[in-house]
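Letters A, B, C and D mark the chains as written, and numbering starts fresh at 1 in each.
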Amino acid sequence: MSLTVPAVPHEPGRAPESAAEVVGRLEDTWRARPGLRGWLSSVDHKSIGKRYIITAFVFFLLGGIEAAVMRAQLARPENGLIGPDAYNQIFTMHGTTMMFLFAVPVMDAVGLYLVPLMIGGRNVAFPRLNAYGYWVYLFGGAFLYVMFFLNTGPDTGWFSYVPLAGPEFSPGKRVDVWAQTVTFTEISALVASVELIVTIFKTRAPGMTLNRMPLYVWSMLVQSFMVLFAMPWVASASMFLAMDRLVGTHFFNPAEGGDALLWQHLFWFFGHPEVYIIFVPALGFVSSIVATFTRRPVFGYPAMVLSMVATGFLAFGLWVHHMFVTGIPQLGASFFTAASMMIAIPSGVQIFCWIATIWSGRPRFAVPFLFVLGFVALFLIGGFTGVMIASVPFDTQVHDTFFIVAHFHYVLIGGAVFPLFGAFYYWFPKVTGRMLDERLGRWNFWLFFIGMNVTFFPMHELGLLGMPRRVYTYLPETGWGGLNLLASIGAVTIAVSVVVFLVNVARSLRVGEAAGANPWGADTLEWAATSPPRPYNFAFTPVVESREPMWQHPAELPAVEGLRTDVREVLVTTLLDAEPDSRHRHPEPTIWPLIAAIATAVLFITLIFTPWGAVIGTVLLFLAFVGWAWPRGKDHQEQLMIEAES
Amino acid sequence: MIAHPGEPLGPHQLWGAWSWEPGIVLPLGLAAGLYAIGLRALWRAAGPGRGIRKRDAAAFALGWATLALALLSPLHRLGEVLFAAHMVQHELLMALAAPLLVLGRPLVPFVWAVPPGWRRTLGRWTGGDRFRGVWATLTHPVAAWSLHAAAIWIWHVPSLYEATLRSEAVHALQHASFLGTALLFWWSVLEGRRHGRLGWPGAVIALFTTAVHTSILGALLTFSTRPWYPAYGAVSAAWGLTPLEDQQLAGLIMWVPGGLAYLVAALALLASWLAEPEHTPRRLPLGAVSLVLVGTLALAGCGRSGALSFEEAARLTGGGNPARGRLAIRQYGCGACHTVSGVRGADGLVGPPLDGIGGRSYIAGVLTNTPQHMIRWIVDPHGVDSLTAMPATGVGEREARDIASYLYTRR
Amino acid sequence: MTGFRIVANVTELPTTTFGHRSPMWWGTIGFIVIEGSTLFICAISYFYLRRNFLNWPPEGVFRPALTVATVQAALMVLSNIPMAMVDRAARRLDLRAVRVGMVVCTLLALVMCVLRALEFEALNVRWDSNAYGTVAWAVLTAHATLLLLETLESLVFTALLFSPNLEQRDLAGASDNALYWYFLTLVWIPLYAIVFLSPYVM
Amino acid sequence: MSAVLQAVLQFPGAHSALKPAGPQARIAEGLWNSMYATAIVVFLLVMAALLWAAFRRRRAEEPAPDPARERRMRRVVAAAVGITTIVLFTFLVSDISAGRAVTATPGKDAIQIIVTGHQWWWEVQYRDSVPQRWVTTANEIHVPVGRQVAVELRSTDVIHSFWPPNLTGKRDLIPGNENSLWFQADSAGVYRAECAEYCGHEHAKMALLVVAQSPDSFARWLTQQRDTAHTPADSLTSRGQEVFLSSACAMCHSIAGTPAGSRVGPDLTHLAGRATIAAGTLPNTRGNLAGWIVDPQRIKPGARMPPNQLDPADLRALLAYLETLR
């Protein structure tokens, strides 16, 4: 890294620090601890982010395998590959995995990796909490899969409607496993959202006012707020469900005045924003990629920000359109339809702004950009069907059919997974220091794009022809066989494309072309760090003077000096204008978050088997947090200060 | 307010059912009159569109009209027989009239509407610690939010709501608390952000959370399987609705259009904030860093485009020090009457707000806006305009220069 | 490769900040939002389940007893006074006052925990009797969980104040703890009204 | 009944939202057609714009941030958003008018049916002011053509959803919440309805037939259904009845006119008159019935009906008896 230090010291009377000296001391102070214990104690957002992304991707593969098994079973009518018991577990696992263990975590994971770099910071605001969130997520996912392989996988759908999921109709531990897994992943998602909000609010580089923030950071800010307000609903609902099952409460038991629809309201109040929690970060990916590959800033920055915020807002008003067939008041239908259709407007604004950006830019058709073009096509289709099912008379026909399956796979795969793959190709060089192969990337893209359409487009028609969701088999006379076979062939194509991706990654890690700091000539701050970034990200905290700092100062970023280098220290700035405000201590690596996560896991898992689990787990958790919070007293400067005061 | 005289309203009587209650008409008329008189006085003194912008006045007029529509028109009588109509009335009060009235910044014209002598007394009184303490507490974002939420939820408790249908006084109290807490809420959201209490992110979150909790109350009403307020049941049939449908409609009105009002407000706030130009790269306000070094608070908004940088302001005023000026504004209590961003406690409404004063043509409606005039005006207001309400505060020439330089940095 | 050009120095910035200047304060706000939502959801469920009953509480169930709960509510409101004193003492870095105040508040929290146990009894219904009992218990339990956690946290924090390893910036924690305390005790007032008073008016 | 059987065996189209046979389904189909056409047009336009924006030929030197061009683009984007809003508004208006037509309340002379969902079959009841004239059947609804049918939807266990796509959209059956819908068949035929809400193990095999017939034949059918079962006329069938009453069958099923009165499983009084068994899973033939009685778990794993190890002779007698239950 080349550093330019002013010949005359900024502050008269203080000896100038040589850049090499600063870097040397930072390397010492921020070095990761060696060995397994060091690995388990890491609080670096980059190593945790990488673990998070890889774990989420493993769950993506597991969920994909489950999807493949389902497609194999449905490839022809009355297929005997797996029976209803296995099928019901598998479709539940697929949904639960993709929603709770892949889609939300992977978006958080990428955010936790990128956001501090993009805003010129050294780490997230609460690094230990970040580690804790990851471990809890890992344990939750691992718990679900261990139980699944023990034939105790949940089998009531990722939505676990009561009374089917209640104590009477689902005895045994299967649904308890689901409820606790959800609680685990809620904790990690909530922790990540607090983490990201405070990181974005308080640790931006000086000068990065909120309206100079990259659109991706905006998207993560909106997403984090949505998580903050949405996740408590499903966490409460799953807690209510667990209580109904474990201690005999009556939240959802109609016989004692409970209510089956209460579950649906609570679940969908979370469940609808959930879709946008997955989708909004993808909008951020798309904006980043579009700007870089058209070599101009995204057109209409304020409009883009406003539409993301509007999407976030509106997402909380639409949950009822998941309940159109439960017998909602007829008066309400047109209100709900209007509210549901309205959310198409901000989406439209964004698509038009991107098209305008591309039109007025000079596009380079690298793989990330291809994924963006594919995203627009697929997301449009998903959006159209979304508007259609906002209409109550039409929705009563296609609700709970394969039409809906098609719709939300277009929205989630087209709208979120395609941008995510684009993001993988785009930021892979930053994370690993090596480029992914373009030729394999094109194969990856086209196979995925074609496979996606072959799999899911026919499902629209299947739904209209009357095929309900979540059926493990169907009769030959229904005439659904041909389209199902086609869909299964498409699924194979998608699987091949994912294998191509894995090959590409494996190959690049070994023999990939070295990337350099800014291989794409991009505009945001993460490209000012080395690839891969050092543990402290930037030797000096950069100062931002525009929305495109790297285009404004391609050779030399303005920066501030003066953070301590003998201990880990970060700069805290003001919320709106990002003016330097204080210096904060960054925690040392520590094993306590892992211990606290283990205690959390003990609490939730034993609770399934005995109410005493609550007592045991709470005591363990308390001890873990005491260990976490207890000051280690390493910094004499700080201790001297308090002695001077008292 | 006479809520329920005689027979329940039938559909055929609707258009004749205007309510001319003196208890409503008089305050409404008084508010309009005061605003008009004060606005005339203010604009005559400061120039049209100064102090209160034309769109502020338009917002007030619109808010006033909404208020009149809600309280005087047949809607009011209809609210006695249909819950849904009553809900429309409440939403008009809380989600439309209240924000518009706040945007109209009525306190400024109201103060200008009274004779100068009274104005001074009023200024002294409102400048007092006790009044300011109460006002600061009531308009504290958390307090205003909670009061408004409490008013909305508590009044929907069946026994209380039904009491409004029986007693005029309770009904008046309900409307007063809806409107009053709504005004506080919107003040903390729309005005509070100028005073550093609640930045726009806080305002957006306050609006979002209010949208959510009112939507949920609406949803509870919509999805209930029995009417909460049986008192409506007797007459709603005449209007073609069952009591339950009436309640569902009311819930939906609170939920969807009501919720959208908050959404629109939040987006508008955000849009106005984002619209601040970002064409020219702005330098990091290093002046702020040096101020932080001496331990003062960071200067919100310093260096925003449209205003002068500290260096430029210092040059323009011939050596004024904006940082010292900021302290002087606080010391001399300018904030008791004027609103100045970046100065804690400077949120008075007696005199015109001083932000953006660099962009105005006249000072005090008398002097052209030059730094020299500004300094002269600050040092000796009565020497410039013997009738002015602005007191001579004992500011010296050097401090006045500092104050002027600070004011020119305000957007 | 991008280099850096130094334009400012931040050596003199403070390392201990309070309120919205401190990231921890924002973190506390985040958790208040999460936990506030959870309590709000319990309250919503209370109203939602009300629709399945003709009478509230349902026939055969006594209304909750008010004495203990009212004492508790009053105590919660009043406890804000010592907590506000701790908050102010922390901001002027007065370690002695913070220590005294935190001891007082921790004792108050323990008293509240005891009162909470009695409050469950005062509900006059079991959680598994009917949905009314379930949801009343849910509101009370959700708040009790937070109360218990806050009590434990206060205990640990008070102990920390007497630790030789204490650093100046740890005092900011007193201020964050106070913020959470304000939330926890003030949010109880509407919840108290819902669980204990509303059966008398609905 | 062979006509019914035939119709069932050729049911492509007997379960399709695109072949409406009733007023509500027709409205939904009309909405679909118009929305589908609009979506195609808009999709093509946006894709054309995107591809043109991406691949248009560019002059060698185009000024990057040209303020005049940015202003023009702003106008174009605003116009596009405006058009989007108008299209959405049109959808909304057509949706509301469609919604009104669909949800209009049924007339007073509509036939009243109560459908109760069970894991995993449908109980159907035609009520009457005289309880003796009530008709209870399973997995089959008979309705007269051209007359409104009001269906009350109930569930005793979990949530199910009633959905005859050719006739109307679906509506959930929720324990503790009463729901209802109405439909009308405009032409005679057999339509299939699946359970559309996931309801556990055998959600896939929970279908119901809606048989729309002329008013006369419907009236005949209803009268016939009011009869109790005939007393067995020969020794084989009376042996069959004995088997039925003495084996596990009678513990769950009822046959009017015999001591068997349990309501756990479907009412079998007129079993032989139904087109399918096991909730639309198998055509009601002798072989299928035998297989179903002996080993239901092979056909419908997880179903509540236990396997029955019957002596071959007993089984034959039982089948013969069941075939008399017309």
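Throughout what follows, contacts are C-beta pairs under 8 Å (C-beta built on N, C-alpha and C of every residue); 3 or more make two chains touch, one makes a residue touch a chain.
In this text, all values refer to a predicted model and were calculated from it rather than measured experimentally.
Enquirer: Chains still linked by touching once chain A is gone?
Expert: B, C | D
Enquirer: Kindly work out which chain lies most centrally, taking the average of its C-alpha atoms as its position.
Expert: So the chain nearest the centre of the shown protein is A.
Enquirer: Name whichever of A-C and B-C has more C-beta pairs touching across its two chains.
Expert: Of B-C and A-C, more C-beta pairs in contact link A-C.
Enquirer: With centres defined as the mean C-alpha position, give me the chain B-chain C separation in Å.
Expert: The separation of the two C-alpha centroids amounts to 32 Å.
Enquirer: Give, as an integer number of Å, the spacing between the C-alpha centres of chain D and chain B.
Expert: Taking the mean C-alpha position of each chain, the two centres sit 57 Å apart.
Enquirer: Between chain C and chain D, what is the gap in Å from one C-alpha centre to the other?
Expert: Using C-alpha averages as centres, the distance is 52 Å.
Enquirer: Between chain A and chain C, what is the gap in Å from one C-alpha centre to the other?
Expert: Here the centre of chain C sits 30 Å away from the centre of chain A.
Enquirer: Residues touching two or more other chains, restricted to chain C: which are they?
Expert: 7-8, 10, 12-14, 48, 51-52
Enquirer: Which residues belonging to chain B are in contact with no fewer than two other chains?
Expert: 223, 284, 289, 292
Enquirer: I need the residues of chain A touching at least two other chains; which ones are they?
Expert: Correct list: 201, 206, 229, 254, 258-259, 261, 265, 338, 543, 558, 574-575, 580-581.
Enquirer: Considering every pair of chains, which are in touch?
Expert: Listed by label, chains in contact pair as A-B, A-C, A-D, B-C.
Enquirer: Which of the residues in chain B end up touching chain C in this complex?
Expert: 150, 153, 157-160, 213, 216, 220, 223-226, 284, 286, 289, 292-293, 295
Enquirer: Name, in rising order, each residue of chain C that touches chain B in their complex.
Expert: 7-8, 10, 12-14, 40, 44, 47-48, 51-52, 190, 198, 201-202
Enquirer: Considering the complex alone, what residue numbers of chain A touch chain B?
Expert: The touching residues are 201, 206-207, 210-212, 225, 229, 261, 265, 301-302, 305-306, 309-310, 313-314, 316-317, 320, 328-329, 331-332, 335-336, 338-339, 543-547, 552, 558, 574-577, 579-581.
Enquirer: Using the touch definition from the top, list the residues of chain A that touch chain D in their complex.
Expert: Residue positions touching the partner: 83-85, 88, 156-157, 161, 163-164, 168-169, 254-255, 258-261, 295-297, 299-300, 303, 325-327, 330, 333-334, 337-338, 341-342, 344-345, 348-349, 351-353, 355-356, 358-360, 362-363, 365, 373, 376-377, 380-381, 384-385, 387-388, 390-401, 464-466, 468-475, 477-479.
Enquirer: Once bound in the complex, which stretches of chain C touch chain A?
Expert: 1-17, 20-23, 26-27, 30-31, 33-35, 37-38, 41-42, 45, 48-49, 51-53, 58, 93-96, 127-135, 137-138, 152, 156-157, 160, 163-171
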